[in-house]
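Chain naming follows the written order as A, B and C, and within any one chain the residues start at number 1.
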Amino acid sequence: MTMRLDARMTDITEAILGSYAQHGNLQHLEGGHLPSRESIWQVVEDLLRLLFPGFLETPGTGSADFVTVTAARVRSIGRRLAGEIEKGLRFRSVCSGDDCRARAEAATGDLLLAIPAIRDVLATDISAAYDGDPAAQSYEEIVLAYPGLQAIAVHRLGHVLYEADVPFVPRVMSEYAHSRTGIDIHPGATIGRHFFIDHGTGVVIGETCVIGDNVKIYQGVTLGARSFQHDERGRIVKGTKRHPDIDDSVTIYSGASILGPVRVGPGSVVGGNVWLTESVPPETRIVVRPPQTMHLDQVANDFQI
Amino acid sequence: MTMRLDARMTDITEAILGSYAQHGNLQHLEGGHLPSRESIWQVVEDLLRLLFPGFLETPGTGSADFVTVTAARVRSIGRRLAGEIEKGLRFRSVCSGDDCRARAEAATGDLLLAIPAIRDVLATDISAAYDGDPAAQSYEEIVLAYPGLQAIAVHRLGHVLYEADVPFVPRVMSEYAHSRTGIDIHPGATIGRHFFIDHGTGVVIGETCVIGDNVKIYQGVTLGARSFQHDERGRIVKGTKRHPDIDDSVTIYSGASILGPVRVGPGSVVGGNVWLTESVPPETRIVVRPPQTMHLDQVANDFQI
Amino acid sequence: MTMRLDARMTDITEAILGSYAQHGNLQHLEGGHLPSRESIWQVVEDLLRLLFPGFLETPGTGSADFVTVTAARVRSIGRRLAGEIEKGLRFRSVCSGDDCRARAEAATGDLLLAIPAIRDVLATDISAAYDGDPAAQSYEEIVLAYPGLQAIAVHRLGHVLYEADVPFVPRVMSEYAHSRTGIDIHPGATIGRHFFIDHGTGVVIGETCVIGDNVKIYQGVTLGARSFQHDERGRIVKGTKRHPDIDDSVTIYSGASILGPVRVGPGSVVGGNVWLTESVPPETRIVVRPPQTMHLDQVANDFQI
């Protein structure tokens, strides 16, 4: 207790360095570099500025040099994102030599070229928020302040990279949105147009979900897996279809959980707190029976909340 | 696949610029500037320093020059906040010329002048947290580390601007707190004294809620809307009363949802996971009947969790 | 309304300074300084870099000067963390004079010396995530992108300081993780090896929880208190055992709440949305009976979701 910190520093440093010599999973000190979470999150922020120009940067940009600003932004994003993707490809050893760089640049270029199409879909998502929330005052308010729009924008970017078999980067991008919004959408999920998540905190959308057009989801909704397959050695099986399909024009209220590879038919409504592990036909409204609440003085004294 | 990124940059930039020429909702490149989310969030952080001096800044400030520091802080907040409010007013075209600046300065000055009264109420909120959480060690710990206090402090600031019909800024302020705490309080909600949200992640409090004094709320509670009115053209009706009234001394446990313009009478307790769409009389304790849980070996083999 | 902001500044500043002269809980302007949240959160980020070297910093570090980098990092963390702990000890008046510094250095040194053991346990946590999530592609992805790992890493650090009776700092550390992940683990909770929280948003783990090895928890799970004891003056009693014990190899699915000082026996499974206030025997699977859902056209017209 009485030894001062300075006097213990050598022992501490040696102990920690000794620990680094052991675990394979806890450090990455040799060979190719891993993608950097910090760098990817900065790229995500620049991609959001590219998606919504004039909204997120402090100075408005309304004149001729906007072309120059945009060109420079595209170039900067391209260079940095290709670098992070290349690191991930090399680390996974799915390529070698200059081929890694070429593949990283191809994936990056394809994402950037997809931005106009992503903006087309995001325009429908903004309409969905305006149409679906009585508190929404304007389209601009939705871009500035709605976490659901931020989450789906990041998802639509990351999903393009996921589809191109880019390792690490899409999952790190989705965690950017999860950390800021509480909305956890796996980049593998397929999500249609005119999609709205209101409030959003606690929403989980799993990797193999397929969601149609005009779907609306509230806070705390889980679209998850029900049980996992294990192989003959008892290890969890990866990569199988295990999450729901949500058809067009479905609404899912807060706290509902839909689990397993089931289908919710078009036009159906899943009420709040429903726990659903079976498919639902089209145009069905499914609700939990109102709970049989009771006044507490009707129950045994030792029952407490 | 083989074309390098540099060679594609011109095409990419032109495609994105072409996209900017289309959608009205996705960019803001002309006319008056929008308020900046980044700037508003920095103002919020400075307002929190103003509310809790000596807590959030790194250097303690215990001497004569504290007066100078405070005066400079007030002046800086005032200038920046008035600028953001002015941008929002101009964008909404609710004023013109110098009138926008005057209105923005009036709203800003009124908020700053309300700070002593807001601090009076926040002192009761801190007591509520200390009285309501057995894990709370001291008032200081609550200011330093309790997300519920951060959320209600930002709400009490934003609500003053909401009441003054300031567009954009209050909603962007509430999203600052939502992003950091998972607590989503619409700036329109009216909330009384001695208010405590424990843990808080997933809490949603809607725009037209009215909450009395001495109310306590746990994580995952929704005070939301039940169904939306639509006009004769099928569009959602905005601005109507659609959220609950929670009277004095009500406690609402985790995961409960209270929906629609109902009233929970004074002194009532709403148990965890209750799904409530009707009013509750005063001094009532309402709980969900304990779920009929079962051991899994009692049910069909194909039933899995 | 017509008075410009500049002209109101003196009145505003004086009103706010007047408010500072009143409340004891809202400011900390005199005497010993409080620990700084900002400084503690920066120390947490450096501690995470120390736990997972090569993962979180931008430049990879694969060569001889890694020893120098690590030694400098340890020294910097030690100096800053000891400073924050010392401030907290002085503020609580649990020591005086040079004794505060000695105690702060002892607690800091003990935490740093515990890092190899903490890394041993975190290696099992990473395995738990890989074994427990079909979407996990690699150990590296888990370190880069899984919020549950970030939360448990911060908890394992903070718990060491909590056990050493360090005030303020552990609770501020846990709020760092809560703010970023939506996972709220009180630093007092005791948690065994091979622990996995999936998705995580909304998880609450209370101060007096004791959790065994190989436990798996999903989003929205509460391990909380059921009711609070009050003393003869009506004040809440602090410091008693009031949260559950979760034994080895228990799985708790999303949205379940387990409340009070109950015990869930080894190998048991608690299904989604279960509301549990009683103990559960070993090897038991407890699920909520599937809700009696209904199509909405079978119920009264005025029943709406």
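Couple of notes before you dig in:
As a working rule, a contact is a pair of C-beta atoms (placed from the backbone, for glycine too) under 8 Å apart; a residue touches a chain by one contact, two chains touch by 3 or more.
Just so we're clear, the structure is a prediction, and the values are computed from it rather than from any experiment.
Contact topology of the protein chains: fully connected, every pair of chains touching. Chains compared, subunit A against subunit B: the Cα-based superposition rotates one onto the other by 120 degrees, nearest 5.
Our note on geometry: subunit B versus subunit C, Cα centroid distance of 22 Å, whole angstroms.
Among the residues of subunit A, those in touch with two or more other chains are 182, 201-202, 220, 255, 272-273, 277, 288, 290, 305. For subunit A in complex with subunit C, the residues that touch the partner chain are 1-5, 8-9, 11-13, 15-20, 22-31, 33-39, 91-92, 167-168, 171-172, 174-175, 178-179, 182, 184, 186, 188, 201-202, 204, 206-207, 220, 222, 224-225, 228, 235-240, 242, 253, 255, 257, 259, 269, 271-277, 284-290, 304-305. Partner subunit C is touched in their complex by these residues of subunit B: 50-58, 60-62, 66-67, 70-71, 74-75, 78-79, 82, 102, 105-106, 108-109, 112-113, 115-116, 119-120, 122-123, 126-127, 131-147, 180-182, 199, 201-202, 219-220, 226-227, 254-255, 272-273, 277, 288, 290-297, 299, 303, 305.
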